[in-house]
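A, B, C, D and E are the chain letters, set down in written order, and residue numbers restart from 1 in every chain.
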Amino acid sequence: MSIPRLLTMLLFVLLMAPVGTAMAQQDDGSGEKLLEQLADASPASTEEALQAIAASGHERARAWLEAYGNNRLSRVKDTGEIVIVLNNRGRDWTVADAVTGENLGEMSRRDLDRIAINNAVRRQLAGVLAMLDLYAEDPEVREEAARDLMGKVDEAVLDPLIGRLDEEPVAAVRNRLEQAVAIYRVEQEGSIEAVDVLAGSLHPRARAALNSAVASENPALKAAAQKALLSVEQKLKMNRAAETLYFGLSLGSVLVLAAIGLAITFGVMGVINMAHGELIMLGAYTTWGMQQLLPGQPGLALILSIPAGFLVAALAGIAIERSVIQFLKGRPLETLLATFGVSLILQQLVRTVISPLNRTVVTPEWMSGSLVINDALSLTLNRMYVLGFALLVFAGLMLIMRRTRLGLEVRAVTQNRAMARSMGIKATRVDIMTFALGSGVAGLAGVALSQLTNVGPNLGQNYIIDSFMVVVFGGVGNLWGTLVAGLTLGTINQLLEPWAGAVLAKIIVLVFIILFIQKRPRGLFPQKGRAAEG
Amino acid sequence: MWLARPLQERSTQLFLGILFLALIAVTALHLALPEGHPLHVSAYTVTLLGKYLCYALLAVAVDLVSGYLGILSLGHGAFFALGGYAMGMYLMRQIGDRGTYGDPVLPDFMVFLNWQELPWYWYGFDMAWFAFAMVLLVPGALALVFGWLAFRSRVTGVYLSIITQALTFALMLAFFRNEMGFGGNNGLTDFREILGFNLRSDATRLGLFIATGIALAIGYVVCRGIVTSKLGRVSVACRDAEARTRFLGYRVERVQLFVFVVSAMLAGVAGALYVPQVGIINPSEFSPIFSIEIVVWVALGGRATLYGAVIGAILVNYAKTVFTGVMPDAWLFALGALFVLVTVFLPQGIAGLLRKRRKTTDDGSGPSDAPTTAEATA
Amino acid sequence: MLQIEKLNQYYGESHTLWDLDLDVPQGQCTCVMGRNGVGKTTLMKCIMGEEKVADGSIRFAGDVELTKQPLEQRARLGIGYVPQGRQIFPLLTVEENLRTGLASRGDGLKTIPERIYELFPVLKEMKNRRGGDLSGGQQQQLAIGRALVLEPRLLILDEPGEGIQPNIVTQIGEVIRRLIAEDGLTVLLVEQKLPFARKFADRFAIIDRGRRMAEGEISELSDQLIRQYLTV
Amino acid sequence: QEGPIKVGVLHSLSGTMAISETALKDTVEMLIQKQNAEGGLLGRQLEAVVVDPASNWPLFAEKARELLAQEKVDVIFGNWTSVSRKSVLPVVEELNGLLFYPVQYEGEESSENVFYTGAAPNQQAIPAVDYLMNSIGVERWVLAGTDYVYPRTTNKILETYLMDQGVAKEDIMINYTPFGHSDWQNIVSDIKRFGSAGKKTAVVSTINGDANVPFYRELGNQGISSTDIPVVAFSVGEQELSGIDTGPLVGHLAAWNYFMSVDTDANYDFIDQWIEYTGDEEAVTNDPMEAHYIGFNMWVEAVRKAETTDVDAVKDAIIGVTVPNLTGGYAAMMPNHHITKPVLIGEIQDNGQFAIVWQTPSTVAGDAWSDFLPGSRDLIADWRAPMSCGNFNVKEGKCGASAGEQAKAAAE
Amino acid sequence: MSIMTELANRDRVFNFLTPTDSPVDVRHGPILYLEDVTVSFDGFRAINDLNLTIDDGELRCIIGPNGAGKTTMMDIITGKTAPDTGSVWFGSRHNLLTMSEPEIASLGIGRKFQKPSVFEALTVFENLELAMATDKRVFPTLTATMKPEYRDRIGEVLETIGLKDLMHRPAGILSHGQKQWLEIGMLLMQRPRLLLVDEPVAGMTEQEMERTAELLTSLAGKQSVVVVEHDMGFVRSIARKVTVLHQGSVLAEGTMDQVSNDPEVIKVYLGEEA
C-alpha cells in the first residue's frame, strides 16, 4: 500500500461525505489547476489527479472525466489551454473550453495534443465515475454503478463504499454494494462471512472471487467457498443451456431471414436466383443510406429502412425480372447463369458507386446492449429484435402466400404456366409481383443484417450459399420448411460450436445436411404424393 | 469399341483437328519464333492457354453430368481440387530437402507449424505413379461413395445440387483447417519439379501445355464415347424421366454412378494438370462459387454439347484474363453483362449459334449418331 | 359463337393446320373428329392461344378477334378449356385447383359454386387432396369442373371421356347437354369415340392432316365418311 | 531506356479482398503521380500498370507473370494476405522481379525478390503483448484468430512467448474461426466466461477482414467493454473501422506501425495529399498504406542510387536505404529485406481513429525468422553478398536451399 | 449389413443361395399372384385386401370406377409403391416386394403407363432402342452396338405402331395418341413375360382400337397381359376374363357377360345404359 494511496483515501473520505449528504461545496482548487494536474500526470499519479477532480465537486468535473475517458480532452499546442473536443471527425475539430464549456469553434487537428489515457487508467476512471454515480438520485443509476463496482473495489473506495452502504435506501442497490464489498473481502481478507454473501450470486466476478477462495490455504474458507459454488453451478448450467438455445435460435433466425426471400423466388417460382444475396445487400445499403439521410437519428432511420429496403430491393427485383428472367421461363440453368451475371454487376456497381469499403451502420440505442435476465444470462437486444423481425416477416409472407390470391396464382403459374394462363391468370403480372415480393423480403433481410454484420459489397456472397442450403434442406416450395430448417440448422450449429469449434461445427452441419438428404431426399418437408414423384 | 465410335463422327474429328492444330501452332510459334517477334507465343501465354485447357476439361466433365445426365453438380470443383491436391502433394514431396527449412521429409508448412512427422496420408506421394493414380482414385472414390449414397436414396434435382455444394463447402472448410495437414489457407505452393523436369523452365511449361491438350482430347473422346453410346441415351432418359427408365429395367442409380465417377475422375485430371501450371493449389478451389462458375461456363457455351463446354470455359476465362488486365475496375460489369446477354440472346449458348449454322448444311442423321437430338431439345 | 377462317399453324417448319375453317354455332355441341395426330389438339390450342397461329382469323361471339387477344384474356371472355391430358395443377389441392378460375369470373365470387360439386361429387370428397394424387379419371373430372368454375360461354373439351368410367362418361355427356340446355352454353368437343359423339353432339367436323374435310349435323355423319377419315 | 518506368500494381479490386486492397492501389497511383509531378525518376516518367487479381490466389500468380513477362514492369507493389504472396513468390523469383509486400505477416520467409514493408511478428504481436502484460497487467490471454497461416503462426509465436514469460497453459485460450465468420455469440460468451476467472484478461485478435465487424458488435452487445476485457487486434485498422459503428468499441486496442492519428507533419501532409487525391474528406489512411509509402520511397531511393531500374542493381542498392516514415522516424531496409518500424499501440476512439497509448522508444527491425519457433530459431536472412541467403542456419553454418537459388540454377 | 441379418434368420434359405436371375417359375400355375394387399395414403385405403391371380398366358381385363385402385395395383406390381401388407409373387419364385423396379422390369414385367410417358428428348427410334430387351447393365450398355437384327426388330415395331415416318423425330412432339402408340411399341420391344397395360386406347379412334385389340390378343398365350381400360367396347372385344375392382378390392370376376350383368357392377361402374 503506497503512501499516496493512503492519502487519497483520507482525502476521499473527507470529501465524499459532504457530497453525499449535502450539496454544499465550494470551488476550492480551480478547474484549470485540476486539469493541469491531470494533463501533466505521470502514469503513476494519474489516479491521484482523477480523484482530485472527483473530490473537487466541481460542477464540470463529470464532463471532464467523461471527456478524458473518451479521448476528447486535449491541449492546444501553442497556448497550452485545455479544451474538450466536441466533434472529432475530419481534419478540423470543434472544441470547447474545458473549464467554462464555452464553444471555441473549429481548430485544426494539427494544433491539438491529446491528453493520453490508457486502459489501466480508464479502469480507474470507471471506478471513480461509479463512485460518483453511487450518489445519483436515480436508484437505477446507483444500482448500475454498484454493479460496475463489483470486482473493482480496492482499499481506496472500501470505506466510502461501506459508508454509502449504510445510507442506501434501496434494497437492490444495497444488495449489490454488499456483494461488491464481499468480493473484496473474500479476495483480500479471506472472510468466510463474505463467502455467504456471494453464495447465490451468478455474477462472474462473484464467482471469480469464490474460485480464488477455493484455491486458498484456509480449509474453512475453502469448504465454504466450495459449497457456495456448488449452489451456483446448477443454476449456471441452466443458464448456459438457455443461452445456447438463444444463440441457436438467433443464428437460425438470421438464416431464415436470409433464405425466406429465396424460398419465394427459388422455392416457389423455381428461379435459381444467384443475385439473391445482392438483393439482401441492397437492403442493407438502404439502411446505411437512410442513416446518412437522417444523421443523428439512427433509430428512426432504421425503422424507415424497413419499407424503404423492401421497396428498393423489390424494384431491383422487378428490374431483374423484366430485363432477364422473363425470357428464361422454365430454364433454371439459364436463370442461374444470368442471375450470376447480375450478381457480379450489382456487386461491382456498389463498389464503384458507393465504395469498396464497408459502410458503418449505427445500431440505435434501443437495440444495443442486452436484456439482462440475471447476472449470468443476458440476451443481446439486436439479435432479439432480429429474431422477432424474422418471425414477423415469416408470418407476413405466410399470410400472403396462404390467404391472398397471389399465393394461389403463383403456385398455379409455376406448376403449369400455360394452363394457368388458360384459366385467366395473368402470369406475367404474377411473375412480377412474386419476384418483387421475394426480392423485397430479401431487402428486409438486408435491413436486419445491417445490424449484425458488415455492410459491404461482399455481404450478399456470404449468405447466398447458406440461403440455398436452408431452402433446399427445408423442402423446396415449403415456407414452413424454410423456417424450421433455418432454426434447426442454426441451433445445431450453436450446440456443436462449444465443443467442436466454429470450423468443425460448420463442417458437421454440412455433413449432417448431406446425410439427412439421403434419408429424406426431398428435404425436411417434402412434397409428397404422385405428382412429386413424377 | 465404344471409344472408337466418336472418332468416326464428323464433329469429334473437327474438334480434335482444331485442338491438335492449335497445339501444334502454339508449340511452333513458341519454339520457332524469337522472343519479341509479334507472333511469338510467350511462355506466359503458353501457361495461360494450358490453364484454359484444364478448365475446358473440367467443363467437359461437368457438362457430361449436368447436360446429359441431368445432375446439376454444384460441387465439381471438389473433384478438381482433390486431383489438384494429389498432384500438389506429389510436387511438394519432390521438393525434398530443398525447402526453406531443409527438412528432407516434411514440407515447409509442417515444419514451421511444428509437425513432428509426416501424416500417414502423405505417404506414397513421393512416388509419381502412386500420386498420379491418386489423381484419378481420390476424386473417383469420393464420387463413388458420395454418388452411391445419393443415387441409392434417389436424391435428385436441386437436392442433389445442394448436397454436392455442401460437399465441396465442407471440404473447403476442412482444407482450410491447418490441422488437416494440407497447408491450410496457403495450400501447397513453391513447387520445384515434376518428374525431374524443372517447373520453372519454359520447356516444362510447354510440355505441360501439350499434356493438357492431349488430356482434353482424351477426355473429350471418352465423354463423347459415353454420350454417343447407348448408355448416353440412357443417361438422357434418366435426365428426362428417371422413374420411367427404371421401369425399362435400367439401374438408374448405377448409370448415374458410373457417369458421375467418370466425370469426377476427369475433373481430377484437370485439377492435377492445373496445379503445376498455376503453381498453387489452395482450398479456394473448393469454394462453392467456383463450382457454380464452372456450371456457368458450361451454360454459356451451350449445355449438352461437349464442345460448347470447351468454348464456354475458354471464352469466359479468356475474357477474365483480358478484362482484369484491361479494365481492372470495371471488368465485373463486362463479365456480368456477357453472362446476361448470352442467356437472353443466345438461349442455346454459344454452341447454339454454331449448331444453327450446321443444321442448315447437314440434316437427317442416322440413328447411330442420333444423340444430337438430345441437344436439339435440351 | 366461334368462327374460324383460313387458319394456318406451324410447329417450326412443319405445317400442321392448313387453311382450316370451322364454325361453332351458339348453344350447340360441335364435335371435332379425326385420327391421331391430325391436329385436333393443335386447333384447340390455337383457339385458346397456347399456340401461335400463322394467319387466319378466329372470331368469338360475333366480334372479338381472338388471335389478337392475349391468352389470359380468352378465359376472361368466357372460354373454358379442358385440355387433353388434363393439365391439372398437381401440387394444388382439388379445391385450390378449382379456385384458380375464380378471378376470371366477372362477379368476384370467392367460393366455389356449389353446382360444380353437385356435378362431380367426387371432387367434394377429395377437396383437400392434391390434384396430382387423384386417379386419372378423377383428374379428368377435376379438369372439367375447373373449366366450369369460369362459367364459360364456350367450353372446349379435348377428349373428355378419356380414362373415365363409363357411367361417368355418360354423366359428363349429360352435364354437357344440361349446360347447353340450361345456360345456353356452347361446346366444342374433340372426341374419337363415335357412340359418344353421336349421342351428345349436335354437329360434327372432321379434320384430316390439318384440313377440315367435312362438317355437318351429327346425323349426317355417314359410314363412308367414317371409313374415309377415321379409320387407318 | 526510353519510355516510362513501369510500376506494376497487383491489388485485388474485386472479390473479398477488394475491401482492403483497393485503397492500396490508389495509394501507389497517388505516389506515382506525385513522383511524376516532381519530375519522375532518372528523368523518366513512371507509369502504373494496374491489374485485378480478383482475390483469387492462382490469378495472383498469373497476373504477376503477366506484369513481369508481358508488361515488363520494373517493380511490383502488391498483394495482401500471405497466400497471395506465396502464390506470387515463385513467379517473382523465376522472372527475377521486385515485389513490395505492404502488410503485416507471419514471417518465416525471406525471398531475394520480395521486400517486406509490413510488420513481422516481432514488430507487432510481441510488443503488443508486452504492452498488455506490463502496462495493463494482463494475466490471462485469449488468442482468437481466423483459421489460416498468419494467425496460426502468430499465435504459435505468442504462445511460446507467453509461456516463456511464465503464463500458465490454462491461462491461454486459443480459438480459430473460419473466414468471414459472422456468428460470434458462442465465442464471445466463452471469452466472457474465460475472463471471469478473476485475472485480468485480454483478447489478442488476429481475426481477419470482414469477420471483425460482427465480432466487435457481439462484444459490444454482450457488454464486454474495453475496461473489462480489452481486445488488441493486428488486422483492424482505420479502414476496417470506417465500416464499424465504433461507439461501443472505444478503448479496444490495435497494434500497428502507423496510425492515421499520428501527430507529425509528415503524416498530416500525407493525409492531406490522400484526401485531395481521393476527393473524399472522410478518406482514411492506414498502416499498409504507410508501408507502401515507405516501400515506394525506398525503391525510388534505390533506383536513384543504382541509377538504373535493373532489378539486380536495385536489389543490391536498396539494402541500407533509409527513408523517413510517417511517424516521425526513419525506416531502413535491412539485409533480410524487412524494414525497421516503430510499434504503436492505439485505442479505438468513437471517431474511428486510434489514439496512441504506447509506442516503442525506437524502431524495431523486422525479423524474418522468429526466435520463438523451434524450426526457425537458428535461421537468419542476409541478402548481402557474399552470404546472399534467405535462410542461413547459424548453427550449422550453411544456407538452406532457397527458391531464388533454385531459379538461378535452372536458368544456368 | 443385410447379409448379417439374413444370417441370423436361419429358418430361411439364404437369399444369396436362391438364384434370383432364374427364369420365372410357372410350373405351379399362376404367373402373378397378389394376396391380401393393402395400401393406404395418408389414411386413405387405395387398395384394400386385394387378392388377384393371373395365369400364365392369360389376357385379363381389369375394370373398375375411377379411383378404384387399378393404377395403384400396377404400381405395386412394378415396385413403384410398397404395399403396407400382403404379398406379391411373380411365378412361384420371385417375391416382387423385395425387388427394385429395374429388377422387376428385367424379370420380364413391362408396363404401359396411364399417362403416356416416353422420353421426349429422344427420338422415336431411340425410345424403342432403349426399351429393347438386351443386357441392361452399365457396361454392356456402354459397349452395346446397333446390330442389324436389332434394327430390323425396331423397324418391325415401328411398322406395327405406325410411326415409321416419325422415327427420327423427338418423341416430345408426338400427339397424345401417337405417344400412346409409342409406349405400346416400347412395351413390345421389351418382350416381357407379363404386360401391364394401363388404358391403352384412350385417345384412339375406333379403328385404332381394333388394331390394338388384335395386337393384344395376338400376344396372349405367349405372354400374359393385364389390361386396364374404361372403354367397354374395347374390353368386350378382347376380354376373356374380367375382374372388376372397386374401392381397392375385387368386386366381381368372370366373363364379360357375367360381369356386365352384375347389378353391383352396373351400379358403381357401368351405369344403366352400358
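What we mean here is this: a residue touches a chain if its C-beta (ideal position, glycine included) is under 8 Å from a C-beta of that chain, and two chains touch if they have at least 3 such contacts.
Which chain is which protein? Per UniProt: A = Amino acid/amide ABC transporter membrane protein 1, HAAT family; B = Amino acid/amide ABC transporter membrane protein 2, HAAT family; C = Amino acid/amide ABC transporter ATP-binding protein 2, HAAT family; E = Urea transport system ATP-binding protein.
From a predicted model like this one, the values you see are computed outputs, not experimental measurements.
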Chain C and chain B - chains in contact with each: A, E
Closest chain to global C-alpha mean, per-chain Cα centroids: B
Top chain pair, ranked by how many C-beta pairs fall in contact: A-D
Chain centre separation (chain C, chain E; CA means) in Å: 31
Chain centre separation in whole Å, for chain D relative to chain B (CA means): 36
Centre-of-Cα separation between chain E and chain D, whole angstrom: 73
Centre-of-Cα separation between chain B and chain A, whole angstrom: 44
Shared interface positions of chain B, touching two or more other chains: 173, 176-177, 241, 243, 329, 332
Chain D, residues touching no fewer than two other chains: 13-14, 147, 176, 178
Residue numbers of chain E (touch at least two other chains): 41, 80
Touch list for chain A against partner chain C, complex: 405, 408-409, 411-412, 415-416, 418-427, 477, 527-532
Chain D residues within the chain A interface of the complex: 13-16, 18-19, 22-23, 135-137, 147, 175-178, 180-183, 185-187, 189-190, 192-193, 195-198, 210, 213-214, 217-218, 220-223, 226-227, 230, 239-240, 242-248, 250-251, 253, 263, 265, 268, 271-272, 275, 281-282, 347, 349-353, 355-358
Sites on chain B touched by chain E in the complex: 1-2, 226, 229-231, 233-234, 236-237, 239-241, 243-252, 254-255, 258, 364-365, 367-368, 370, 373-374, 376-378
Complex contact set, residues of chain D against chain B: 13-14, 50-54, 56-59, 61-63, 65-66, 69-70, 82-83, 86-87, 89-91, 94, 108-109, 147-149, 152-153, 156, 176, 178-179, 373-376, 379, 390-391, 393, 400-403, 406-407, 410
In the complex with chain D, residue positions of chain B that touch it: 42-44, 47-48, 51, 97-102, 109, 111-114, 173, 176-178, 184-187, 189-192, 198, 200-201, 278-280, 282, 284, 320-321, 324-325, 328-329, 331-332
